[in-house]
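Letters A, B, C and D name the chains as they come in the text, with residue numbers starting at 1 for each one.
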């Protein structure tokens, strides 16, 4: 059963079509990297798949559950990391995680929060307010927040933006460690890193799918060339 | 999943054919009503006279008031404004259930006409108050209710202009039109039921003599037709602008 | 005109301006609204003409 | 891992709001100070003109002006924390029905507004009405205050969600808020004035408005509760 299925998903803001008939199927446990110029609809696609935005046409399902029919069931299976941390700056790291754990109905929120902070290596800063954290540390707490209910599918919306190289490495190790059999969907401008991590690649331009293929069928050089053309075409 | 066929109101269908005749009929009826108000309906009794006087065979005991004549337009216009609010709220619900932008346009146009007719009501009511009680404004329940309705409709349009994303604008507009639709009757009820301790209000409502009722009815139907005609006309104009905008966007692709 | 008759119609003259004002403003507001709608229509027609030219220019350009 | 009950989620969200406010206290201090400033403006406006007796008559109205504008300030900021780090998206990603968000935020707003009223009403009394004899029915003022605050918090939460990301946010909230709560305000002012005046038929002007205000609260909170899902996920 596929982790994600999309059937000509469209999303229009007034007359501007952010998504124009996007269709693809992603098997479970895959790592999909989405590329495309600015305004191609990458973030919109992620917001629609994560039930944060409602598509104007078409349908999609996550782990076989239709987004329109039972959004709340889908929300129990997905986690999201974006450049905004979705954490309350005035609450401490632990309080934030306990908050989300309680909302998701995790068995023992306190223990789960401690365990996750341990995993992201921040248990020593447990009682400090998130406001006092650096960008890298906030991102790690954000990962912990996204994992609190052990989601089947993880959405990453340009997670590297604003991270220094050292923080990027820590982030990559973390992603690798929590990977398990989860399905990942990452939107990124970093072609090399995105291509390295992914099992499937999708290129979007003007809200339409340019290519969607397994990594094996793609050679990095051709892919990089294709990407440059799309970005060129996209910007014209 | 078969998409339930949603009947989407479109300009240029049969209602539009009726638009112009309705507008014409409305104009005729309102003028007839206007004439009836002055010639046919009897003037209302004002203050009592010291000594009654025989006037062409009828014993007159009160001052004859014609300021009341404004009533014949004031009440129908007020009722039509509330009917328009009902339409706006109805299309608001239709939008929220079907997410079809067309219903939002209908709701907006209906709200526009609500504002127009509320302004009519305020003008006629206020001038009548000015003569009746000699003051430009009293916090008398009926007048206040319509002032609040006018403020809510103005707020509705101010809000519409400050949001760009059509989807969000339409949703918020529909919700506000529904809340307004619920709020106005409550406002009407509360302002009238609460005994205003300030100064007792002499309710002039009183019964209507048959000839008065006839006049009001004529003007009412006339105003309804005018409103319907205006609504269709404005709706066609809005649709035309929308279709044009869509064409322009396609051209840019 | 004997005084009583005058008294009967005492309020007619003073109330006249208000009645006339009420109906006049009402009619005026209706007129303003109709003008607004008609001018909206004219503006849209003008844009329509511009649009048609643009389309012709586009066709013209392509077919040559 | 079943979904927690709506009440549990409601409690969690409410606890989050209260903990956050308790830690920063920015909402309470700003509302408290603002109320004090309004009282000072009243002072300047009324000190010379009104003698003691008139104030008692106008007291109800003045008090409610103070409450409406102070709570407007607070309601405008009720979603500020949610917007800061896109926490709203975080909450929206959780499988819960959206009206729980509305109820939790509305309850938080009610508690904040009541906290500010507990400070400002005695202050208002101290500054303006300490001169005249206190009517025995003065403490009945609490009833319209409570009913009014609940109604205003309900509508205010809904409207602040709508105006959260529109241009000119605060102005927009006031433009929508004041006309919509006018009936509630009118009823509460009448009831408060009656309670303050305490003349012998004061119940006529107290009970009926209070009942109508409660009716307004019930109807409006229901409407907001039902429509909230459309507004928040727009």
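What we mean here is this: contacts are C-beta pairs under 8 Å (C-beta built on N, C-alpha and C of every residue); 3 or more make two chains touch, one makes a residue touch a chain.
Since we're looking at a predicted model, the values are computed, not measured.
Student: Tally the contacting C-beta pairs at the A-D interface and at the A-B interface, and name the larger one.
Tutor: Answer by contact count: A-D.
Student: What chain is most central when centres are computed from CA atoms?
Tutor: If we average C-alpha coordinates per chain, D lands closest to the whole-structure average.
Student: Taking each chain's centre as the mean position of its Cα atoms, how many Å separate chain A from chain D?
Tutor: 39
Student: Need the CA-centroid distance for the pair chain A / chain B, whole Å please.
Tutor: Here chain A and chain B have centroids separated by 51 Å.
Student: Mind checking the centre-to-centre distance between chain C and chain D? Centres are C-alpha means, answer in whole Å.
Tutor: 43
Student: So how far apart, in whole Å, are chain A and chain C when each is placed at the average of its C-alpha atoms?
Tutor: Computed from C-alpha means, the inter-chain centre distance equals 55 Å.
Student: If I count partner chains per residue in chain C, which residues reach a count of at least 2?
Tutor: Correct list: empty.
Student: Note the residues in chain D that touch 2 or more other chains, in rising order.
Tutor: Within chain D, no residue contacts more than one other chain.
Student: Residues touching two or more other chains, restricted to chain A: which are they?
Tutor: Within chain A, the residues that touch at least two other chains are 54.
Student: Touching residues of chain D toward chain B in the complex: what are they?
Tutor: Within the complex, chain D touches chain B at residues 155, 158, 162-163, 166-168, 172, 175-176, 178-180, 182-183, 186-187, 190, 193-194, 204-205, 208-209, 212-213, 215-216, 219-220, 223-224, 227, 230-231, 234.
Student: Using the touch rule from the top, collect the residues of chain B that touch chain D in their complex.
Tutor: 96, 144, 148, 151-152, 154-155, 158-159, 162-163, 167-168, 171-172, 174-176, 178-180, 182-183, 186-187, 189-191, 193-195, 197
Student: Given the complex with chain D, which residues does chain A contribute to the contact?
Tutor: Within the complex, chain A contacts chain D at residues 50-52, 54, 72-73, 75-76, 78-80, 82, 84-91, 95, 99-100, 102-107, 129, 145, 149-150.
Student: Where on chain B does chain C make contact in their complex?
Tutor: 34, 46, 49-51, 53, 55, 60, 62-67, 69-70, 73-74, 77, 116, 119-120, 123-124, 127-128, 130-131, 226, 230, 233-234, 237, 240-241, 244, 247-248, 251
Student: Across the complex, what residues on chain B touch chain A?
Tutor: Touch list, chain B to chain A: 1, 99, 164-167, 245-246, 249.
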